[in-house]
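As written, the chains take the letters A, B, C and D, and residue 1 is the first residue of each chain.
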Amino acid sequence: MQAVLPDPWLALSVDTMVEALPASMRGSDAGITFAPDGQVDVGPAFQALDAAWTEGIAAMARAGARVIVDDVFLGGAASQQRWQKALAGLEVLWVGVKCDSAVAAGREIARGDRVEGMAVLQADVVHEGVVYDLVVDTTHTESLACARAIAAHVRY
Amino acid sequence: MQAVLPDPWLALSVDTMVEALPASMRGSDAGITFAPDGQVDVGPAFQALDAAWTEGIAAMARAGARVIVDDVFLGGAASQQRWQKALAGLEVLWVGVKCDSAVAAGREIARGDRVEGMAVLQADVVHEGVVYDLVVDTTHTESLACARAIAAHVRY
Amino acid sequence: MQAVLPDPWLALSVDTMVEALPASMRGSDAGITFAPDGQVDVGPAFQALDAAWTEGIAAMARAGARVIVDDVFLGGAASQQRWQKALAGLEVLWVGVKCDSAVAAGREIARGDRVEGMAVLQADVVHEGVVYDLVVDTTHTESLACARAIAAHVRY
Amino acid sequence: MQAVLPDPWLALSVDTMVEALPASMRGSDAGITFAPDGQVDVGPAFQALDAAWTEGIAAMARAGARVIVDDVFLGGAASQQRWQKALAGLEVLWVGVKCDSAVAAGREIARGDRVEGMAVLQADVVHEGVVYDLVVDTTHTESLACARAIAAHVRY
């Protein structure tokens, strides 16, 4: 996305937030846990920091930054509502990035650094009840082509 | 710091922001450039996103997150004033992290992934006119001991 | 490959070797240079260490390790002959990994950490005169499917 | 070391080897396990690949490469003997890198990505019965100063 958009955009993801957490919160019930079957659970300390993180991203956008947020809506519609509330008044393009779950599972294996099972467990649940302006499907479409399709919908 | 503070703190640094930039801004005059002698320069596009980033960090703190910010005040006092303005009304502990410039230069070489010269060029300038609540010196003191000294001044 | 092969295999690549070099050799004429147009050139110091590296990989295989080597044959047939000589007497499956150059160029952009132009410059030249036991094409085939196709040809 | 030695040296470590292993061997009894208390155990599949890796490093040196090997002698004297056998006939400078175990434990915490307890468990055992040409102590001496002390003993 950053390579195809003509203006400079900040790219922030849930991974950025997880890396900003204390190491002790990765693997703790209050923080974020990754079960051997790929199940990801988050506790109250994670949720509190995540809520503040979300407010912070919204503030960056209100301060004039163009921001690409890459998040995984483990809570489906509820996750989207959390963001919608934080981003109130801002111009947002909601993009769903889908992938056939068998293909996603294969890419998870190919990456080599993921808990196997996450891709399948998350493939559908993260889109449940979520409303998008645009959906791209990476199953048979290259990342760059998806990025260009999204960029065509960005107003700037 | 995160390992010694009893509550969970987010740790964000100028490096987090630089990594969030488009690749094309690293090495561009509008973005951020690293000269062969270690001189770091930032242009208007960098400054605009950096200002929004700063506002966002402040908003995370206002939303209740405890945040450790690791920044390099290339502009000395002016850099601090920028943060002071953004953090108005928040409780802040200003900590100066100093190091003998010859020792810092040696660590720069030992890291192996830095432009040599940055450490010496920045060792003094980043502290010029900056007012701290606390100063630690890593020249002869271990990181963890410095972290404990800082933690002792954190009110929580 | 490692995920689909039943036995444990070591995976080593030209990147492993480049990371093992002194930082000063990256960007030096005697070492390895990456031109702004994607052209990669290597000098005599690089070549000497690369030759020793190749002998070392061969010795690992002779000592009983199963080894996956991921190399970029910038010299085409000459690069393969260098490896053939080092691997004399060992059982080797030569696999060409091809990709349509436009698609490869897109993936290069999507990775975000590459000098643009390398993919196009290398797409054909690395296969010139090289003889393979098997060729996979990642243009429209998933990495894991390619890996399985290769694994089906591995004798173990 | 690479920055202070006048000739180009390859730097390879046990970490390079561990990264070359299949992901499935990290955390498997046949491979390498990291217990919550910092205990590291290796199984037969790890040992077989490690032995081949060692032979390969020796072959690189015999082929003319100058090589810095950074290993952790979990088996003390037995680990050194394994290397001595592989390196027979080569010129080797054996360097012990020591550190006060409390200081090493602090650095382990400061790194933030290590299983706590490894440093203390390994601080003494890795030197038991090992014979060095030179010992450096990083407790109070900077890495670069240690590197220079070692470089002064390298014949080239």
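The rule we apply is simple: a contact is a pair of C-beta atoms (placed from the backbone, for glycine too) under 8 Å apart; a residue touches a chain by one contact, two chains touch by 3 or more.
All values reported here derive from a predicted model rather than from experimental measurement.
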item	value
Chain whose Cα centroid lies at the greatest distance from that of chain C	B
Proportion of interface numbers common to chain A and chain C (over half same, under half different)	same
Cα-centroid distance, chain A relative to chain C, in whole angstrom	33
Distance from chain C to chain B - Cα centre to Cα centre, in angstrom	39
Per-residue multi-chain contacts in chain D, two or more chains	2-3, 23, 112
Chain B residues touching chain C - in the complex, by the definition given at the top	23, 112-113
In the complex, chain C residues that touch chain A	2-4, 103, 106-107, 109-110, 112, 140, 142-145, 147
Chain B residues touching chain A - in the complex, by the definition given at the top	2-3, 5, 8-12, 16-17, 20-25, 30-31, 45, 48-49, 51-53, 55-65
